[in-house]
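Multiple structures follow.
Presented sequentially are two complexes of subunit A, the first with subunit B as partner and the second with subunit C.
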Partner chain A sequence: METNYETIVIGGGVVGSGIAYHLSERYKEGVLVLDKKYPMSGTSGSTQAWVWVHNKTPSWYAEFSMYSAELYPYLSKKIGDVEYKRTGGLSPFFNESDREKAEKLAESYRKIGIKIKVLSREEVLEKEPYMNPEVAGATYSSIDGNVNPFRLIDMYMRAAKRNGVRYSTYNKVTEIKKHDGKYAVVSDNGAFECKNLILAGGTWSREIGDMLGVKIPVNQLRGQILVSEPLKPFLNFTISGLRQANNGEVLMGYSMEEAGFNRATTLDVIQETANMAVQYVPGLRKAKIVRAFSGIRAMPEDGFPILGKVPGHENLYVAATHSGVTLSPLIGTLITELIMDGETSIPIDRYSLSRFG
Partner chain B sequence: MKTDVLIIGGGPAGLSAAIETASRGLDVTIVDEASQLGGQLNQQTQTLRPLPSVYEPMRGFELAYKLIEQIKGLSVKPLLNHRVVGFYADGSAGITDEENVFPVKAKKIIVASGAAEKAVAFPKWTMPGIMTIGAAQTLINRDFVMAGREAVIVGSSDFAMETAMQLMAVGTRVKAIIEKQSEVSAIDQEKVSELSRNGIPFYFNSFIKEVRGNGQVEQIDIELPDEVITLNVDLVCMDGGRMPILDVFYQLGCSFGFQEELGGWVPQYSNTFQTDREDVFIAGNAAGISTQGPLLLTGMIAGISVSEELQAIRSAEANEMRETLWKELGLLEYKEVYSGRVKHLENFTSPILKDQFIS
Partner chain C sequence: MDKTTIICRCEEISCEEVEEVISNGGRTFDDVKRITRCGMGPCQAKICTSMVAEIIHQQTGLSLSEIPLPRMRMPLSPIKLETLATNSTSFSAVKSVLDDVEIEEGKVR
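This part shows the complex of A and B:
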């Protein structure tokens, strides 16, 4: 296998593969993606995969997410059908007292051009007839939706490979050295050299940063998800907490726990999740749960993406974020611009690693 | 709910583990998804031999009765029609009665989840009238329903030979035994000769090419080495072997090894039948596919080890008993299986699959 590359991406998940694909649109050779297992075996393969803008705060982060969501229809045209559906997103509330908070959120979004409606009980039930009739209202955003994460990453990989990107999988990076202005990346299956190095290690970002003496403050958060038996299509929207997939299965989950890299499921959270789902959609009480799984998600210490050049290290870039599915088309585009053009079409200074001091 | 010992699976291994623990004063809970204890023994009408020296040879359902007799009067709580569906963060088992899920906190868990049959696939194999040999046996012996009038058996293991004879005993005409290898896989040649004496043809190096029927199987094509023959049947019993049921071990985070002689993937365990989770023990077919005698012995060893851990028996005594039972296991178990088991124990500290939930 070729050992010299222009650019190496560490991590082939939705963020790393998104970057590799977008890079491959601009130059056809010299990109290698290294993955310790196989893309989709980690976070990117254990997600509900919402493309979600609304109720992200503050509004500048929602705006950033919106730009990415807007890229999805175009992305599908380029890489193929990723089962992206702009269903619209509903975030229900059950107490009338929450309406004021919802109005405030809508107002702050309006200033930056994101349209969010605060729906009455009747409007919610008209949109989503199977929602609990005790719902008080919901915020609604038309740009929200979801995607099939397996198709998304698979299509990223296929398109990237067609453009000449190489993948080396089940190949863990063990050491990174810098010499003569280049990066030497040592892996289980040999050493590689590159000019540009992109750290897209997701939940392992901290460990990979340590190899270069760079502190990337990303923690792990566990999310547990339940899957129902396939049901007739009956949910129209992506609801904060659950969605119905194309094959009829309903995915349910909103949990966040600190459990390190432990992907086990626990009945405590499974029962909580089932109760949440039944509160939102009472009809789910009759559905059979066929599967439960956990995903370990990346969560930067302050919750916001870490993107761009690594201060003090030439040609070293980092992309570590929560909500990788939502943000991947935008992150791929911006990191490509940064490497190829030296600047980005929308500012990303706010997301620099330097903010952590 | 709290208990000293939670036994998952109320078949022969689970019951013999229950006898060993409850008879030493421990509080035992057995959970089983069936409506009665005894597991597969309930439909086994054949005489089981050899059994451990404490038991006379007897029929399967008689053994079930005998085992259940022994837990009467002891502190054993059977949770029938219940299933373990997962575990809570504090280690409690989540048990459902199909309505609610409730936690059971146990000091030790013995998993005796048994074996699952493997099917043999061929074109249109999902048609009604096509079932595993175990399903056919359950229909005739437990439910008293004739599985079919004219049958073929695919496979020639001891279990398949046994089932063929039981089908004949209830009036089903067995038209052929179809085996893809060049000889029978059954070890007990007596049953094979008896079937031959009854004029049942054995087709070796053969397999089912296709089945046909309107709503249920009516006709099958058998590919013999040099021709294809067609038989009219309304029952096809297939024997794809059995494999340990592993779901619970997986949920408990146990390690696994692969041992062909034991049925494939098997949880790792030591000679005390303790898994690499110190509160979890294993017994029965889950610890390697075997015959009823050895299965009882594994349950006894696991029960003794748990009794020792919970200080219901002194270590010296437990060691001595285990040693005797292991010797008996070596005598009773098919050589191939026993040597597979010994090899499996050696891999205890170097499992192929471990830390499956650590990403």
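This part shows the complex of A and C:
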């Protein structure tokens, strides 16, 4: 296998493969993606995969997410059907007291071009007839949707490979050295050399950073999901909490726990998730659950994406974030611009690693 | 087994589709599962596990003992959601996205 590359990407999840694909649109040779397992074995294979915008905070982060969501229709034209659906997103609330907050959100976000409607109980039930009639209201935006994360990564990989990107899977990076202005990347299956190095190791970013003496403050945050048997299509929207996939399965869950790298599913969170699901959509009571899974989010210490150049290290880049499914087309676009043009079309300074000092 | 042999009856996945994942660098049942849905059907891989392992063995030369079994996830057989629910509406690990929205001086933070 060729050992010399222009650019190496460590990590082939939705973030790393998104970058590799976007890079391959601009130059055809010399990109290698290394993954310690097969892409999708990390967080990108155990996600809800909402492409979610409307109630992200603060507003500049919602705006950033919106630009990425806007790229999805074009992306699926380019790489093939990734089952992206702009269903619209619905966030229900059950206490009338939340309405004021919802109105404030809608008012602030109108200014940045994210249209949010605050729905009455009747309006919610008209849109989503299976929602609990005890719902007080919901925020709604047409910008939100969801995607099939497996198809997304598979299509990124196929398109990238067609453009000349190489993948080396089941090949863990164990050591990174810098010499003569190049990076030597040592892996289980040998050493590689490159000019540009991109760290896209997701929840493992901290340990990869350590190999270069760079602190990437990313922590672990577990989430657990329940999956139903395929049901006839009955949910119209991506509801923040649950969604129905193309094949009829309902994916339920929005939980956060600090449990390190432990990917177990646990009865307490499964029960809470079941309680949430029946509170939102009581008709799910009789639905059979066929699977539960958990995933470990990459959670930067301050909750926001870490993107861009690594200060003090020439040609070294990092992309580590939660909500990586939502953000992957934009991250791929921006990191490619940074490498090819030296600057980005929209500013990403606030996402720099340098903010952690 | 020829190319069109159905390996996963629940999801109708053929031998050829499983082989493609392995030739693209996959090595485990879970790799095959994530890409093809092989093993995600109602029987939750009870029927197709051994045939997939055999294909991985043939294509990669890994011995059967080196090929990890699919990760078995609760519940092992389908169970009604209401059986899992305890009907409580107080949540700790489970969140609502609106909880994350904070209002400060009449504005979204």
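Just so we're on the same page, the second predicted complex is superposed on the first by the 357 of 357 C-alpha atoms of A that agree within 3 Å, B and C clash if a C-alpha of one lies under 4 Å from a C-alpha of the other, contacts with A are read in each partner's own complex, and residues count from 1 in each chain.
Convention: a residue touches a chain if its C-beta (ideal position, glycine included) is under 8 Å from a C-beta of that chain, and two chains touch if they have at least 3 such contacts.
Computed from a predicted structure; not experimentally measured.
Trainee: Look at A:Asn262 in the shared chain and tell me whether it touches subunit B only, subunit C only, both, or neither; answer first, second, both or neither.
Mentor: first
Trainee: Just to be sure I read the superposition right, which of the two partners does A:Gly42 touch: subunit B = first, subunit C = second, or both, or neither?
Mentor: After superposing on A, A:Gly42 lies in contact with subunit B but is clear of subunit C.
Trainee: Contacts for A:Ile296 in the overlay, against subunit B (first) and subunit C (second): which applies, first, second, both or neither?
Mentor: first
Trainee: Identify the partner contact of A:Ile270: answer first if only subunit B is touched, second if only subunit C is, both if each is, neither if none is.
Mentor: Touch status of A:Ile270: both partners.
Trainee: Which chain makes contact with more of the residues of subunit A, subunit B or else subunit C?
Mentor: Residues of subunit A touched, subunit B against subunit C: more for C.
Trainee: For A:Tyr67, is the partner it touches subunit B (first), subunit C (second), both, or none of the two (neither)?
Mentor: Neither partner.
Trainee: Which of the two partners, first being subunit B and second being subunit C, lies in contact with A:Thr203: first, second, both, or neither?
Mentor: first
Trainee: For subunit A, what residues appear in both contact lists, the one with subunit B and the one with subunit C?
Mentor: On subunit A, the overlap between the subunit B and subunit C contacts is residues 41, 265, 267-271, 292.
Trainee: Mind listing the subunit A positions that touch subunit B in their complex?
Mentor: Going through subunit A, the ones touching subunit B are 41-42, 203, 261-271, 292, 294, 296.
Trainee: Please output the residues of subunit B touching subunit A within their complex, sorted ascending.
Mentor: Spelled out, the residues of subunit B in touch with subunit A are 85-89, 94, 101, 103, 251, 253, 357-359.
Trainee: In their shared complex, at which residues does subunit A touch subunit C?
Mentor: Residues of subunit A touching subunit C: 37-38, 40-41, 45, 52, 55, 57-59, 91, 93-94, 98, 101-102, 104-105, 108-109, 139, 150, 154, 157, 167-170, 224, 226, 228-229, 240-241, 247, 253-257, 265, 267-279, 284-293.
Trainee: Which of the residues in subunit C come into contact with subunit A in the complex?
Mentor: Touch list, subunit C to subunit A: 24-28, 30-31, 34-35, 37, 40, 42, 44, 73-75, 78-82, 84-89, 91-98, 100-103, 106-109.
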